[in-house]
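Next come two complexes built around chain A: one with chain B, the other with chain C.
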Partner chain A sequence: MWQYVLRRMGEGIITLIALSFVVFGSVHLTGDPADYLMPLTEAHDQKIYEAQKKQMGLDRPFIVQYWDYINSAIFFDFGTSYVIQKPISELILKKLPATVHLALSGFFLAIIIGIPLGIMSAVKRDSIFDKLGKGFAVFGLAAPQFWVAIMLILFLGGKLQWFPTYGRGDIQGWWPTIEQIPQTLWHLALPSIVLALSVTAAIMRLARSAMLEILDSDYVKFAQVKGLSNRLVIWRHAAKNALIPVLTFGGITLAGLLNGSVIFEVVFAWPGVGLLLLDGVTQRDFPLTEAAILLSGFFYICTAVIIDITYGLVDPRVRAR
Partner chain B sequence: MKVSRIFSVKALLTIAMLSALTVGIVACGGSDTSESSSSASSSAAAAPTAAPAAAAATETESTSSDERITVLIADLEEERVFPPLAGGPDVKYLRVFMDDMFSTMGGGNLVPGIVNKWEVSEDGTTWIIDVTTDKGIKFHNGDPLTVNDVMVSLQQERDPELATAWAEAGCMNVTETAYIKYTKSLDFGPGDDQITYAQNRVALNFPFNFSQSSQDEKGLLLPGKFTMDMWDAAKGKENNMDCFEEFEENPVGSGPFKLANYELGIKYSFDRNDDYWFTKANGFTEDRIPQVGGIDMEVILEPSTRLAALQSGEADLIEANMNIVPTIDANDEHSVFWQEENSMLWMIYIDCWEEDMWCFQKDARQALQYGTDTRAIQEALYGKGATHEGHGWATSNALGYSSDLDGFPYDPAKAAELWASAGLDDSLVFKVWTWEAGSFPFLPQVAELMAADWKKSVGITVDIEIGDQAAIKQQWNNRSLPGDMLIRDNEARYDGTSITTGHYCNHDARWRVNEPETADGAARCDKIKELALNHVVTGQEQHDNFNAAYKFIKDESMHWGPFYSNVPWGAGERVANYEPWKLVPYFTAPWTISLK
Partner chain C sequence: MATIDFEPIKLSYTQRVLKWIKEYNPPWIPIIILSSLLFFGLFANFVTGDPMANDLKARQIAPFTDIHHILGTDMLGKDMTSRLIFGCRSVLLVTAPSIIVAIFIGTAIGLIAGYTGRITDTILMRITDATLGFPSILVAMLLVTFVGTGYIGVIIAVTATTWARFARMIRGEVLSVRERDFVTLAVILGVSPFMIMWRHLFPNVINTLMVMISLMIGQVVLLEASLSFLGLGMSPGEPAWGIMVAEGRQQLLTTWWVSLLPGILITLVVMAFNFFGDWLRDYLDPRMRRSR
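What follows is the complex of A and B.
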């Protein structure tokens, strides 16, 4: 087993190194940040331009830049933002709490609603409930989140004033004070609901189809024939097995959510890492862009490795491959 | 099988409670200390003195309130709080708590303020300015204003020694030193509280560029001693991006509000400066003591979210746009205040200085203007959100404007005639580049409508490329788009000296529309210099000279711009009045905001 775990972790590290090289190289192809910082109203002063390149470390060979970058990145030091002129890790850590709060709340909302709804739809196959559930799933997956978010903000926030329309409230950093908890929850509500909508729909569809397959299996029928209660059949025998693909999907989805969503952060004025990445790309802030993409890759690869290892734990056939 | 019974109401309620609990778990925990900063409190009020002779009094009825208001703005540059490290749009919040060296009444109307007198040498290169030290002007940390504060503020951008030292130490980007090459000398004197600034070029626009009406942060007044103390502490360190961190932790201005705390790029809280010096009693042109207790300014990119916040009462004043103005207007308790002449529309024939290019010929360049129904486009897309006057940066209140600078009339027949006389037919294809601009909405739609007009008038089909602003600018500046057209926005400004010079007489200016190193380009530049740029005059004479130059520029048509945008500010039910300045971009005149 340990051999398997080490092999998967090694593969993850190699993937991450390859990703870092691709990201570093491709970001450098998008334009010259020293050139971007040159004032447009003034003559292009080659001396200033060269000095700016030197200040940014861009006068060194590409491979040297990459080597220095990767050596520092291992220790969560992604260099200094060209535009904001602050350490990237500091900028990311400042924005990360907002992203993590929103991602976790939206994700758990989706899990807690999506899984029971999916199971319920499968159990009540072709009933009104199932049809409504399928309708909800189609809507959740098809409706543009941007549009849904704006509609809810305008209606539930602007018109009915049930929820705040923007921001996180007074909380800064990871933890709210006791007094800030109700306000923090209130601010989380609307973005979490919108974020959860499409994830809930996907989880529900997945849970439903997996559950249908399980309910048709021989061992479930056998359990029913044995006279076990419906509750026991559904939860102990069927649902447990049906949830494996759902959790796999959930893991990857959570990794995506932890990378921040530019759309959500724009619409809800949510100060997360997504907007930081957008700023990095539009302003040719290489270190910022590289760090954001690398972290995103890190989250995905870690999740994939954890899922693979979990599969290996529960299924010996996977370990043997 | 009756498995459905297990999904009882009780079960559903349990699920709902679990959901709520999960959200709660995510949000709960201990406490975290804010990273925001706080400013020092200001001290004694300024002593009233005699009004400066040039001052023209403006009566403002004050209905002062201690209530705070929430202002939502559309965007920021989101750089550092210390002005030399900030970007142009950051003046949206910087000017709320900082003053500029030169005060204005908006537009080009300079009035005595931190600098109370300014005079230029006969050759237009040297300025002597008098700093106001006898009116009790104080920074928010209690330091009284001295001539040294103005000197340091100028030095950080214009002094070869200091600016270079800052850049070499890594305190700011090297590119920030681009302007030091124009400095001949920068000295105290000749009299007390005077500074003499000599440049190696004619610089009649110096006071405007360092004023409240300029479109960037270069004129903002730094607390000199505080700044130099920070620099002394940072000296000798290499690659030190935090030289001025202390300012960022304790931002000090001398403006109408004090910056109490902030989250960079997210929100900024200001408290009223009750001791603000710009008052009639202190001899200045009007009372600029704020009429609200404080401003909480937040950055909200999405207009619909700003609108919803206004509707819910979470915001009192929002930077609106034409799409949401009808909804604001529909609410009887809400109102719209217009900030006129905010941005200009700017149509550029890119790099049309090679003889074999279609746009080398003036007839072709003019044909497309005659062939565009610009008034119809402005009315269809913008209504009151834009005004159909002016030519590029010569907007209706700018230096040199007259109504004969307004765009060519729509005349498809004339367009076709000019097009044919340029030897062109409907087979010509070029690209029109544009982007989605926050300050000037609907640029892609403008491009679409213009393209439709050109199809009708001269028969051509153009390809419209809507892309990333930075990427398009980079291609344009690297001379990669010759013969194409760019439709873009830019900040309106009163004094167009810099932009005119850069566009027509500077071979190295990357956004030039004229190539002064070619015969045609040199002739064009010489003409503009002869008409306006070479004359060391002010007032009406300067206005007339620029008017003549702009008429020539309009006729040459290397660029054009038939209308400019006006920015609507949506106000909630608590706001009685707001008078944003015209011809000055970004958030202006916060002291005019009053509550009901």
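What follows is the complex of A and C.
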């Protein structure tokens, strides 16, 4: 077992190193930061250019620069943003609470709605309920998320004026004060609903197919033959096992949401990491994008490794591979 | 005893087509949607007027209120109908090249990884998994930072996130095909690895590839629309559906139709591709059929 855990973690670290190398390399292949930062009037002055390069440490060999970058990245130092002129780690930490709030509330809403709906439609297969669920899933997988979000803003926020349509209220940082709680929740409502809608369709379909497979298995039939009540069989015996693939998928999805659901943050002007990243991309702020991508890569690889190890703990066959 | 002659039933061409249709029941609505997408995309400039012409006197006309602008106009007085129709062309212009390049790269990597095995396989599949793990929108954003926005940027971004799915799928198929006797025979006869992949393995994975393509196009259309929406795709003002949704957002309460209509079209096209792909899977590759 330890061998398996170590191997899996080793693979994760190698992937992370490869990723950082590719990201760092592609930044340096495609653009010259020194050239980019030159004031336009002095763009052709070779001396100033050389000085700029030296000051940024760009005259050193590529591998040395990479090593330096990684060394400080480990301690959460990603350098300074070109555009905002502040340390990148500070910028990201400031935006993180908004992203985490949105991701967690949307995700739990999706889990609470998606899993029971999926299980119900598997149990009542081919009923009206199941067909409605299927229709919802087909629509949810085909409709562009940004469009659904805008349409909900139009009806719930604009025409009916039930919810605020942008921003997160007065809250700063992680925790709202007591007076801010209702306002925070009110601002969170519409973005979370939209975010949940996009995830619910997938979770529902997955829960349904996993549940169908398990309802067909011998031990569930045996439990039924034994005379256990339907409710007990469904929720105690079947649903428990059907949840394993759903939770794996859920873990990956949550990692994705935490990485900043750029689209939702744009639509709702939600001041999170995704919006920061989009600004970095559109303004070609290389250090900022670099850091954001590396961090999300780190998140991803960690999640993948943790899921794999959990699988290995549960299922000995995985370990043997 | 009289012999009974079993005359083979001769069917005319039309009869055979009808029989095929009855047997396999192709999905008509998706086929109609997709052929109109193709038709309007190819002949947009013959069917309708200039999508960029703005008539400032005819701004913000709601749909179905003016005979000259049946689907209304946007904030700058551009005709919605012609912009939506030219949007079909943008879909084709982005989807076709990026899918073709992705198929080429993905299939090559899948074949090589599946056939050679061992360390090559491990390395190639690690790269594939790393690409698959990331949300495609993030990879696309990273690439756009380097390549810049615009047409070429979108195509590179979409390709880079799509090839891995093809590679994974093709490799899986190759793993089973390469155990078959005719491949072993070819190896014994000294056929070169390239010829084995091209002549013996590739023809056997074409069906899977076709199914994959039709299921992936929907994803590609969505990704392109999202990038355009974020302002990372085609230049602002171009008649692309994602851009139109973003334009309508600026004055959502007054010109809601500018956002509503292109979104409906995106949803319809993606749904059509998904349904068509499901049908094609059942038709070409019954083993992949979803059990329920």
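Everything that follows uses one rule, which is that the second predicted complex is superposed on the first by the 315 of 321 C-alpha atoms of A that agree within 3 Å, B and C clash if a C-alpha of one lies under 4 Å from a C-alpha of the other, contacts with A are read in each partner's own complex, and residues count from 1 in each chain.
As a working rule, a contact is a pair of C-beta atoms (placed from the backbone, for glycine too) under 8 Å apart; a residue touches a chain by one contact, two chains touch by 3 or more.
Everything numeric in this text was worked out from a predicted model, so none of it was measured.
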Fit or clash - chain C, chain B, common chain A: clash
Chain B versus chain C as contact partner of A:Ala143, first or second or both or neither: second
Which superposed partner A:Ile153 touches (first chain B, second chain C, both, neither): both
Partner chain(s) touched by A:Val266 [first = chain B, second = chain C, both, neither]: both
Touching partner for A:Arg284 - first (chain B), second (chain C), both, neither: both
First (chain B), second (chain C), both or neither touched by A:Met120: first
First, second, both or neither for A:Phe299, with chain B first and chain C second: neither
Which superposed partner A:Phe78 touches (first chain B, second chain C, both, neither): neither
First (chain B), second (chain C), both or neither touched by A:Ile181: first
Most chain A residues touched (candidates chain B, chain C): B
Footprint overlap on chain A, comparing chain B with chain C: 30-31, 150, 153-154, 158-159, 266-267, 282, 284
Chain B-touching residues of chain A, taken from the complex the two chains share: 30-32, 34-45, 48-49, 51-52, 55, 80, 83-86, 94, 101, 104-105, 108-109, 112-113, 116, 120, 123-124, 127, 150, 153-154, 157-159, 161, 164-167, 171-178, 181, 184-185, 188-189, 192, 224, 230-231, 233-234, 266-269, 271, 279, 282-284
Residues of chain B that touch chain A when the two form their complex: 1-7, 11, 15, 18-19, 22-24, 26-36, 72, 78-80, 85, 167, 170, 172-175, 177-179, 181, 239, 241, 263-267, 298-302, 304-305, 307-314, 468-471, 473-474, 477-478, 498-499, 502, 506-511
Complex contacts: residues of chain A adjacent to chain C: 11, 14-15, 18-19, 23, 26-27, 29-31, 125, 138-139, 141-148, 150-151, 153-154, 158-159, 209, 212, 252, 256, 259, 262-263, 266-267, 277-278, 280-282, 284, 286, 289, 293, 296-297, 300-301, 304
Chain C residues within the chain A interface of the complex: 126, 130, 133-135, 137-138, 141-142, 144-147, 149, 218, 222, 225-226, 229-232, 242, 245-246, 248-249, 252-253, 256, 259-260, 262-263, 266-267, 270-271, 274, 290, 292
